[in-house]
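Here the chain labels run A, B, C and D in written order, and each chain numbers its own residues starting at 1.
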Amino acid sequence: MFDKFQDECGVFGIFGHPEASNLTYLGLYALQHRGQESCGIVSSDGGNLHAHRGMGLVADVFRDESLFSRLCGSSSIGHVRYSTAGTSDLKNVQPIMVDYLRGSIAVAHNGNLVNAQEVRNELELSGSIFSTTSDTEVLVHLLARVQADSLAERVSEVLKVVRGAYSLVFLTETRLVAVRDPNGFRPLVLGKLDGAYVFASESCAFDLIEAEFIREVEPGEMIVISKDGLQSYHPFGKVTPTPCVFEHIYFARPDSIIFGRQVYGVRKEFGRVLAREFAVDADVVIPIPDSGVPAAIGYAEESGIPFQLGLIRNHYVGRTFIEPQQSIRHFGVKIKLNPVREVIEGKRVVVVDDSIVRGTTARKIIKMVRAAGAREIHMRISSPPTSFPCYYGIDTPTRKELISSSHTVEEINRYITSDSLGYLSLEGLREAVGDPSIGGGHFCDACFSGYYPVKFPRLKADSQLGLF
Amino acid sequence: MFDKFQDECGVFGIFGHPEASNLTYLGLYALQHRGQESCGIVSSDGGNLHAHRGMGLVADVFRDESLFSRLCGSSSIGHVRYSTAGTSDLKNVQPIMVDYLRGSIAVAHNGNLVNAQEVRNELELSGSIFSTTSDTEVLVHLLARVQADSLAERVSEVLKVVRGAYSLVFLTETRLVAVRDPNGFRPLVLGKLDGAYVFASESCAFDLIEAEFIREVEPGEMIVISKDGLQSYHPFGKVTPTPCVFEHIYFARPDSIIFGRQVYGVRKEFGRVLAREFAVDADVVIPIPDSGVPAAIGYAEESGIPFQLGLIRNHYVGRTFIEPQQSIRHFGVKIKLNPVREVIEGKRVVVVDDSIVRGTTARKIIKMVRAAGAREIHMRISSPPTSFPCYYGIDTPTRKELISSSHTVEEINRYITSDSLGYLSLEGLREAVGDPSIGGGHFCDACFSGYYPVKFPRLKADSQLGLF
Amino acid sequence: MFDKFQDECGVFGIFGHPEASNLTYLGLYALQHRGQESCGIVSSDGGNLHAHRGMGLVADVFRDESLFSRLCGSSSIGHVRYSTAGTSDLKNVQPIMVDYLRGSIAVAHNGNLVNAQEVRNELELSGSIFSTTSDTEVLVHLLARVQADSLAERVSEVLKVVRGAYSLVFLTETRLVAVRDPNGFRPLVLGKLDGAYVFASESCAFDLIEAEFIREVEPGEMIVISKDGLQSYHPFGKVTPTPCVFEHIYFARPDSIIFGRQVYGVRKEFGRVLAREFAVDADVVIPIPDSGVPAAIGYAEESGIPFQLGLIRNHYVGRTFIEPQQSIRHFGVKIKLNPVREVIEGKRVVVVDDSIVRGTTARKIIKMVRAAGAREIHMRISSPPTSFPCYYGIDTPTRKELISSSHTVEEINRYITSDSLGYLSLEGLREAVGDPSIGGGHFCDACFSGYYPVKFPRLKADSQLGLF
Amino acid sequence: MFDKFQDECGVFGIFGHPEASNLTYLGLYALQHRGQESCGIVSSDGGNLHAHRGMGLVADVFRDESLFSRLCGSSSIGHVRYSTAGTSDLKNVQPIMVDYLRGSIAVAHNGNLVNAQEVRNELELSGSIFSTTSDTEVLVHLLARVQADSLAERVSEVLKVVRGAYSLVFLTETRLVAVRDPNGFRPLVLGKLDGAYVFASESCAFDLIEAEFIREVEPGEMIVISKDGLQSYHPFGKVTPTPCVFEHIYFARPDSIIFGRQVYGVRKEFGRVLAREFAVDADVVIPIPDSGVPAAIGYAEESGIPFQLGLIRNHYVGRTFIEPQQSIRHFGVKIKLNPVREVIEGKRVVVVDDSIVRGTTARKIIKMVRAAGAREIHMRISSPPTSFPCYYGIDTPTRKELISSSHTVEEINRYITSDSLGYLSLEGLREAVGDPSIGGGHFCDACFSGYYPVKFPRLKADSQLGLF
């Protein structure tokens, strides 16, 4: 409903714990912000895999306690999904689970494979039948074809065929594999609980289940867990890591530690730098909740202008919402946000948000704040203009829909009807966030800069990988 | 899940608008915080009443657009319900709608009738059959018995029999009646939209549908709307109004205007007074979200200690939540709240909340904040100790369960393991909130003071009102 | 879907058996032909009543085994319902269960109270609120008002107020009451199983649960079962019994013993008499299944013409059936019946059915049989023309819709396009069925003769029973 | 619930009719007796396939009229399923529909492929991933691999790989293909409706939709329908047809014309021959309904003993049925059948059924008839003893469970407690049914004779077809 980039997915895995699937359920609860369309859990009892998946929130799909006796066994992986590649449909719900020659395997994927369509074409040419429209399905078809002896080798071989962004957890009857692509676009962390190894997209999942945070899975690292313990592999050649900076801007939960830093502090720092770059004489700083709160606190601290919660968010809003048929009013934003008139009336207001995608929501919010009596409205965005789409697992509109790709800041300011508009500069962003803690790389900021660290194909009908 | 007093209900009504039931649905959306167990809408097309009611949130019960063609007509009332009197069950869902001699009538009730059981006994003795366990049902049975000619007179007669707290909207085929009890315990406001009259428990419902706020319905006022317009009555003798102060402390939304003042500002003022009453040398002020936020901002402003969002709330939590069976951990609070370690670690932390009921949640939160590295934890509560149960429409535990009714502040401080604990004083509360704007009364603070403005019966089997 | 009179209901009751509600479920299974719209069971555990009711067949409403642990206790009553009085709606599902001054009571009713509307008006005038549109609800309101000491006296008093057809079972915490109206319109039988008393509309329910058939409940008899055993009362003045002959013609199952005779044999006898009254030179006798089978066998035996199953019935047809939108064909009858061409082609066919209501189905079936190659079609109906509506618990159309009320047999013959048409004569019917075995009365044949044994009011708005 | 062989499936297809999917729904209604576990329809609008499938009866899965606007287009295939190969599970519901290199294809299958597991092993070895456990899925994987240019050639190639029983309908965006295996085990008929071609397992489906019966699809014939009309192919070498005689004994509806003869007449003839082979002095002939009715009529005609409907079947019985927990009684058969005492008491009764599988039901029915007062009970079975399992699409128990495979007729007579027992002889069966009308073959009677016309593999892990 809000005009935001959409994160795609969250993954979770645990190996060797008597309550594996219930802990996975808790982990998915903590990762729910990464995907609200569908979710699923696959467990292994050592001999068989067991699955439950459905459309909806974790709390809805796993409403029945008896599910956890069906999802038996001491290992389990889980997934929450928005939908990037593949339409939003029950058949695309993850983890994907298949039976093949060597038994059963399940996989949960956060990211996007940029050459999935090419690989799929090759596979179909040699007789494969796909049952989903998800990019992830090519992984299991490739796994059914490669011949290497060990699971580790087979997964390595498969991952050399695909390109793009992937934080993956695989589950077989006896093993759990966690992999992060060489660029490390998406986060993936390793922890420990009661002696069991745990993986999650974000550390907040560990906090909930009281698992100990060990370290990030490294970009390009593959970890295999079996009853013999943990084995780490680096099957790919050396690549400069380029984790996604938007995780720090918007996707990750503020209480998570991502790429070496706690998100809350990074966001506050964005607000501080923004306050230096775009100072203004004003009476009050208000965030667009919830995502704008840390940056607004940072802006307020740096500028000395008081912070207030001037917009109240209604947290009971469901996924569907029925507008009156004949009404000329539109309730889209108002159903979620309502101004506190007392805070705003007669004031010069700084409104802080993390990003603007199409500008439609910002325009409505500013209209709403103006109607509540604001004397001046100064919009401050804690990231640079988003001018380029993402191909690495974030659901962004096409360039045409990204207001920044075709309009100047001044034009956007006029469109959203603010009195002034300031975006954090790309330099300011880089200064505030620093470099990722691991592997000596830098953050991917392709959506701001247009510099894409991994090539993606122009899809042609005749593309030939020559795989088979 | 949180250890709070529970509000009971919210009501909404609209007369003379072509999209009456859809606007009622929007109004209930805005009032959802007042009751999440069930909801319902009854509409009138001038000749017949139409109803849809169900267990669950507004977004779930009204998921299907076609409902609104069934809920046809230009007048409508709605209700969201927690459950005070009467068990939580589909049969208790409001609005209650019945057929009787004079046609159909529906009623939605916020409050609690203290003599409902006595009246029910009388009615049953003379042959009435009840189909719910709700206190509200006595109203329709009384309406089926009184003989006066006009609806206004009949409603007046009925309300002279019952005692307690009620903000009510009635709907017949051709009329809408809104009444507030003489003490005015519960809020009820009057507005206008496109020429139609609108009623709601809180003004935030008007903000959403862009209705104009006209005024409060006065304590003891009965308003009848028909095609001939609005008629105001004052059927009761003069009583000193005693609106509920807890609406300002916790129940109402901060963006609502209640009893003449915007709630956000009142809560900030509670925090300011609290900072003066219980100052402490500390590094950071953090709220227990969402209800503690305004008071924490007030405390931070007054004390000069920086405000931070040190606890992150997971807003995706569903009504059911399945704990692992064998785990010794309890996830009850952690599923909802997670500390931001960076904000807390090594700091002297002031934690601000609006109230403590049993103390169990406060104890868990303090443990969690301590585990995140807090050096000192100073708990500050923006209301006095809640030592007495409420009989006017709030779901409070028995006295035995109210920790303040049997423990000193120092004992509570030890129980919840804070380093210090300060409650806003009753004088501080009164100073901060002032007097209600209308009718010259004062706030009911029975839950703190034990002074109950309306008597309630000690229920005896032999009680005889002699009604019939 | 067929053009038949509709029976209304079946009732069942059992007192003093450890598996009371499961046996009630089985009993309702056997009585399912008496009502397919809804069903329900209420049980008593000695202290409380427990209910489960729903729209649909017994197999669908009681699909979940755990229901029977909720429906605990050793006494139980049940009901299957078509719908005569009162619309088809969840709120009208029986048994009706209410709480009133003296505790809880449930009632299941087969029949129709002819003065229910008058009584309801009286009750509403003195303040009663009805929650269903069913005629049966007046019984519980009257029970809530009468003052006598014992349950037996109270039920007697109530039943003296109402008139019409009723086979009733009541259940309280500690008692089961079974009553049949003085005319004994509807069947009700008494049995015994493992020492427990059992009641059912038809004896086929006893066969299923292997209960011993004891006797009919007599017209005008009220039986009260408690832990002290069985008490029989005759609270009404002497009335000539007039059981419904249509139970023998169509409603009851052929394996049931009703009013002293097994239904199968009575129906065969109808066919035999019909063969004597309307002989014809033909090659084959075919029934319209299933209801026409016994009479067709009787006709074949008496006439010496071979019996064949020339129409096959599809027993998988559901309650809803979706016709193509643009098709000119109508599938209504064909979805249920299909001719066996080999049996019919080139033959002179006698088609036997039990009754014709509107004539629309008969016309379609004859068309279908003609299309299968029949040379001649002779329609034979094993009951007289149904010219008058029923007011005693059978769902009949208005007189205008009853083809026999306004058309001669010859006109009907032309309408349904048969070569000849013969109805069993009223004398033939009386000869075949004889008199009821108990009480010296005769059968009610009002739907054929227009002679109504119990008066029914012309409803007027000002009717006054002067009850209260 | 009854002790019968279970048919597996029915198929339907229509090409070139504006109401294709609604007519398919009607066709499946008529074929419901061939499979009650699940059903589905796939339609083509010329560019895309659309599917709806579900567990349950046709009336339940297609309850919503709006389904038919989703299942748009002028071609459609449908399937009803019991379950032979593959467990009973939503993922095995047919038609199977997949996307592959050349677009989309759906298939509905009646029969069983005896070498499916071998072919599946081969396919998995070369990388195929199966998503069902159904034998039918190998067909679509093979289709995805063969390289021929035309659909007709590709289907031919695929069918040369598999062996066994299959009546198949395939649907692509632009074509419908119907094939019957060279032995012609399962029926498949061709018809025409309003210019559109129609296929169905049995002719009763044509009767319902008023399609004209054209002819059987021949054993070994493949028919392709496209906008250019009908093309017939015979891709297989010459094989002696061996249609399944059990279709005439039990599976097909009596009103269907199968393998050239109407089923009703064949069954009556079985009864006549049986009466000659096993005459007995008796008072009444009663069928076990519904399947025993035609043979009982034949037996009665030939023997001159009167036919009566001595057992009444309850047609409201659902799929689930909850037995009392503590009862020693078993209600399994009684819930479905109840004797008419009057017909049976004191009589010598011939009971006619079509087959005995385990003998458990026959034993219970005879006990029930004895309890209703029968003086003698003579069991007559209108087919020979079923001593051998079927591998061609019928769900039969293992040999151990087939009572005839290990017991003499006299032993069975003692077990089921009849006074005498007579099975139709194999010669009598052959005499009564004659030879199939088409192709000069004879009926498969492997379940009686043990002569299997198509070999089936002893499954070995190392089997190698060398396909790829």
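Note that in this section contacts are C-beta pairs under 8 Å (C-beta built on N, C-alpha and C of every residue); 3 or more make two chains touch, one makes a residue touch a chain.
Note that the structure is a prediction, hence the values are computed from the model and not measured.
*Asks:* With centres defined as the mean of C-alpha atoms, identify the chain lying farthest from chain A.
*Replies:* Looking at centroid distances, C is the chain farthest away.
*Asks:* Could you please state the distance in Å, as a whole number, between where the Cα atoms of chain A are centred and where those of chain B are centred?
*Replies:* 37
*Asks:* Averaged over CA atoms, how far is the centre of chain B from the centre of chain D? Could you give it in whole Å?
*Replies:* 63
*Asks:* Residues of chain A that contact two or more other chains, please.
*Replies:* none
*Asks:* Counting only chain pairs that touch, give me the topology of the graph as line, ring, star, complete or other.
*Replies:* Its topology is that of a ring.
*Asks:* So in the complex, the part of chain A that touches chain B is made up of which residues?
*Replies:* 18-19, 22-23, 25-26, 29-30, 32-33, 36, 57-60, 62-63, 65, 68, 204, 207-210, 253-255, 257, 262, 264-265, 290, 293-294, 297, 301, 306-309, 312, 314-327, 329, 331, 334-335, 338-343
*Asks:* Inside the complex, what are the residues of chain C that reach chain B?
*Replies:* Its residues touching chain B are 98-101, 124-131, 140-141, 144-145.
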